[in-house]
Amino acid sequence: MTDFIPTPSVPAPDIVRCAYMEMVVTDLARSREFYVDVLGLHVTEEDGNTIYLRSLEEFIHHNLVLRQGPVAAIAAAAFRVKSPEEVDAAEAYYKELGCRTERRKDGFVKGIGDAVRVEDPLGFPYEFFYETTHVERLTQRYDLYTAGELVRLDHFNQVTPDVPKGRKYLEDLGFRVSEDIKDSDGVTYAAWMHRKQTVHDTALTGGDGPRMHHLAFATHEKHNIIQICDKMGALRISDRIERGPGRHGVSNAFYLYILDPDDHRVEIYTQDYYTGDPDNPTVTWDVHDNQRRDWWGNPVVPSWYTEASLVLDLDGKPQPVIKRTESSEMAVTVGADGFSYTRAPGDAINGEPAEEIGFKMGSQL
Amino acid sequence: MTDFIPTPSVPAPDIVRCAYMEMVVTDLARSREFYVDVLGLHVTEEDGNTIYLRSLEEFIHHNLVLRQGPVAAIAAAAFRVKSPEEVDAAEAYYKELGCRTERRKDGFVKGIGDAVRVEDPLGFPYEFFYETTHVERLTQRYDLYTAGELVRLDHFNQVTPDVPKGRKYLEDLGFRVSEDIKDSDGVTYAAWMHRKQTVHDTALTGGDGPRMHHLAFATHEKHNIIQICDKMGALRISDRIERGPGRHGVSNAFYLYILDPDDHRVEIYTQDYYTGDPDNPTVTWDVHDNQRRDWWGNPVVPSWYTEASLVLDLDGKPQPVIKRTESSEMAVTVGADGFSYTRAPGDAINGEPAEEIGFKMGSQL
Amino acid sequence: MTDFIPTPSVPAPDIVRCAYMEMVVTDLARSREFYVDVLGLHVTEEDGNTIYLRSLEEFIHHNLVLRQGPVAAIAAAAFRVKSPEEVDAAEAYYKELGCRTERRKDGFVKGIGDAVRVEDPLGFPYEFFYETTHVERLTQRYDLYTAGELVRLDHFNQVTPDVPKGRKYLEDLGFRVSEDIKDSDGVTYAAWMHRKQTVHDTALTGGDGPRMHHLAFATHEKHNIIQICDKMGALRISDRIERGPGRHGVSNAFYLYILDPDDHRVEIYTQDYYTGDPDNPTVTWDVHDNQRRDWWGNPVVPSWYTEASLVLDLDGKPQPVIKRTESSEMAVTVGADGFSYTRAPGDAINGEPAEEIGFKMGSQL
Amino acid sequence: MTDFIPTPSVPAPDIVRCAYMEMVVTDLARSREFYVDVLGLHVTEEDGNTIYLRSLEEFIHHNLVLRQGPVAAIAAAAFRVKSPEEVDAAEAYYKELGCRTERRKDGFVKGIGDAVRVEDPLGFPYEFFYETTHVERLTQRYDLYTAGELVRLDHFNQVTPDVPKGRKYLEDLGFRVSEDIKDSDGVTYAAWMHRKQTVHDTALTGGDGPRMHHLAFATHEKHNIIQICDKMGALRISDRIERGPGRHGVSNAFYLYILDPDDHRVEIYTQDYYTGDPDNPTVTWDVHDNQRRDWWGNPVVPSWYTEASLVLDLDGKPQPVIKRTESSEMAVTVGADGFSYTRAPGDAINGEPAEEIGFKMGSQL
């Protein structure tokens, strides 16, 4: 039974987009190999403890901060707001929600000015900032362009036990829902929520949380993603390809999930669609639709459902993980107990009534 | 213990390439939907019983003949030879091998002239022909070009119990081996063999046979293959996507396996490499290398190992299937008993000795 | 000397994006061939006089209206606003500017509700609307997806004699400048202006106006644009390819310009960049930079500079065209009198001081 | 009036394919920048005077040798033959033709064994060899794969005054004609000739010769070629893009022509078609067909018709250049005197008789 988070009386901060993630890694050199040598992110600056990275088309200081630490976890998911004043708005908003907040006029990391970090009602470390150092936008630096070039930070994805609760909280915060996954009993399994004009800036995935499911970078075209797979094969780290590549049902994007040396999950993503109209239609998927997570019906590996990164509180300690009590998407769709269909029950195929046909059994559990 | 087929004293016919397959289907209208409406092959001609299809860049009458029949099976795998005289050579060659042969001066199907069909030593119905009706090559008919356009018949793939036996027979017939899969005990699991300057015109896959594993059409680029998946999703027949898309280890091609209404398997394939030099290096893969069948380490679904199409004798009756007695590739690589590695044992990764890491357990059996 | 348009005291309407164009064509059947048969736009509805078309990922009723008429011209460039009330705001805004306006509660065309049309201060027929009929978004209808599929209306491009005057007017209206072309004397040759988070919803090109330079549709990938060229070649209408394909310097998009049967120009466009941050950097190009219009230095054909479509007033009569008095971009950059550089003067190439090298002489005038 | 070269009585050598070019460059360091840093060819070995380069999928020692020298020129166009004995055959063949030959058992360059070089009847320095050092084929080294990766040497293109004479000589040598350009007066302007199963290993272009028009490398996909353009733009050497990218009419390949620091022309090329059947249809184009050289009707720049590299005799001295006396393709198709059509005269377009419409005037002379 969902226990909703109250709507503050003060206005929500005007959020522009997801902007960067601060990630704690346990072996900075190995993580650098992964993000710089394998994925080709561009180093804005670095020191012995921290590396600031950005994608090709970014002009703010960084999209990803790697920081050496004892426990692999996510230290912050940062959103850019529309003006300096909106940082004040964010602080006031979370204070009214009773959340712990911390304001730093000089920022928490290099390249970011005045910012507030909060332990949000779902337990996630959110940051809101406007000020940032502009750096060279590498958009036309095709001399640096690799075959698997990452061009933009696209979104975060968060695991939380109670998706409707989280969704209502994020809608209050100004996010709009582009797509969701439900069942006929009214259970919500996941929701995609955006500020910028794409399918999402963040998504909520039902599961034990708070944990961070992944962050996602966009490429220009599908072949760029295929190249990342090919390169990981050449480097003999194909076991770090967790899932995909494939076409999402939800979002319609072409995707790939890979794992960094600490098992932080990174999605590579391209070609979702424009969502900027105020009445952009929300797409709802049936959890039993076998094409919702992969349009080609390819199986979701169990680890994708069960594993995710810890998130830190403002003291840098991992937040405790709370069990999801509602049905799990994996349980209701995969394996002996699960149920999925490729064709909606009753649909005619080639003029004959369709059988309900499930997922590709042999390739799952 | 392999019982080799003797080498004839007469010269082998000079084979140009795999040219067409004659396929028996049980519901011609449904098969037409699949090959014409879904895959976009071009109809050269058709009647109530038979459809002649070709890919965009073909100039001979057809690459695929669909014929209505009571039992789904492969009636012929046809190779084009270099001149009319080579049909004689083929007939003499198989006669010396003691095989049943049938010669028809007017061809077995429309659009093909003088041809000989044989029940070859492995039990497969091979055809050899030179004469064919030239038809419009549609290469620059971009007004007909679909997003998933198939441009060329690339190869056949045959299942046979004893791969070394079959390989020696095909080498005698003039095929050259481009790649194979073996283990350290000397067992051969598969071999790829070519006449034209690609990785194969046909391949031998170890298993119960004679059966036909698949035929393969080539596209120009990888996105064409992705479109075929996307379209099958849109048509809600994603359960007919059996395996892929992916990058092969063997052949380096980008691939997809789909199933027609009779479960005949079709591969869509692009971008293998040139093999035309006389000393083109043969690539041997270790059966335990988890990237041999999919360079990204994605699992091979069991059905891909176990299922294949029956083949017909010259009377049109299915050939009996003989069990493979040697190790099966599936048994030695998948599941609890299998063993696979992503990194070769002892390889260093990031300066540390690599553990041997197997396939992605969760997504297989 | 620019004579600026005053800033109204009432707020500008909150514009979401460019939404559709109403185009008068002189032979509806021929135009239908071009937009439907060649380009593959989807017909929402049509009658003997009018065709309503949309791109694959559109969910509003149409992006393009073709209407039979005696003189080829643009009847309206329509923008969607954020709410029904913003149509009132637009009406008030233009009334204060002293512009002629016409309000129709039932819309000017099918599928659009309450709307206001104006003869704007530059002489263009702008429309503002919120209400629209939602139609099937075809995003995942890959069964309909052609090899050159157009997925989104991207922008308009307007020809006007005085670019700074137009730019100031559009900035007042809430547009933000992403890029522009200037010279060292302070002349502005063109400006790109956006509401949605791409490089532009409309652009101003210096020239005799008011005229409409083009409208642009987006594809997913570059190969989709190449296919459109290939198809036009196959249809033997390659002379309707006016310019490109190429990579723009401005916007970084991959582009193509083609001409419809009435010489209305259509751009096909893909992969510009995200501009949604409030401090998105404005890129200014030197008019003498030979890579500004084509990153590869390929020539701009003179017709692209000189030709454009007439626009209509609210009575349906062509607006008179006023001469540009400032320098023309063509004159200052092309041919014997023009000056262009590929490398900025003084730049070192390979360690040696670069000569200034102009455009590719042989392939221009 | 063509003065044909006699057919030798001894058999022609059995040629496999075009294999490498030896190119004299005047500034080895600058050429290295171009071929290695810009184009990404892989260095097999190098010293102060010579660099041996190969494309990704090559397994012989090199495809291109750059040698420092006083005059930019082509020292050899080398073909691989089918066996060591075929080198003898080549030597005998050219001796009978009365050509100067030079045999070196240890090869003329590193990585190549026994070889014969000849001054052929057209004045070109051809080499024939079989023996070569095998090197790592980098096919699956996706860790080295650049966004514009060159994978294969595709062909040479030679300028010669009398195309029919050259064509007959090359047909005697075992080449087969895949396509040609003619006019209704019987003049041949160019011919494409192959040994391997692509459109060509070499082509003859009518013009002042002997000169080498270009050598061509293949990429996997079209976007790889676009990236090369984009990169040359980023390096501000777009003026070294001479022509394209575009789609050829002849060969159907997607192409680009660029110029190295010595003005040696390099084509980047992808996706022609299979020509391996003995009766592969020859395609003849009308010289006045405006889509023959560019399927999209984009203009051929004059330099492409007039400029080419000198070739050396066996003493290393440039061969004198002999004028073409027949009509020049440029003269008959470009500019005021030329004539071209996009639609064949009399063709119906949209149900109306087509006017003959020429090339895009504005963008040519």
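Labels A, B, C and D are assigned to the chains in the order they are written; within every chain, residues are numbered from 1.
Note that contacts are C-beta pairs under 8 Å (C-beta built on N, C-alpha and C of every residue); 3 or more make two chains touch, one makes a residue touch a chain.
By chain, with names taken from UniProt: A, B, C, D = 3,4-dihydroxyphenylacetate 2,3-dioxygenase.
Here the structure is a predicted model, which means the values were calculated and not measured.
Contact count check for B-C and B-D (C-beta pairs in contact): higher for B-D. Rotation angle for the C-alpha superposition of chain A on chain B: 180 degrees, rounded in steps of 5. Centre to centre, using the average C-alpha position, chain C and chain D are separated by 41 Å.
For the pair chain B and chain C, the distance between mean C-alpha positions equals 49 Å.
Once the centre of each chain is set as its mean CA position, chain B and chain D turn out to be 34 Å apart.
Among the residues of chain C, those in touch with two or more other chains are 140, 221-223, 230, 233, 249, 295. Only residues 16-17, 57, 59-60, 80, 82-83, 134, 137, 139-140, 151-152, 196-197, 220-222, 249, 252, 271, 273-274, 276-281, 295 of chain B touch chain D when the two sit together in their complex.
Against chain D, in their complex, chain C makes its touches with residues 30, 33, 221-223, 226, 229-230, 232-233, 236-239, 241-243, 245, 247, 249, 254, 290-291, 295-299, 301-303, 342-344, 347, 349-350, 354, 357-360, 362-365. The part of chain A that touches chain D in the complex is made up of residues 140-147, 149, 221, 223, 227, 230-231, 233-235.
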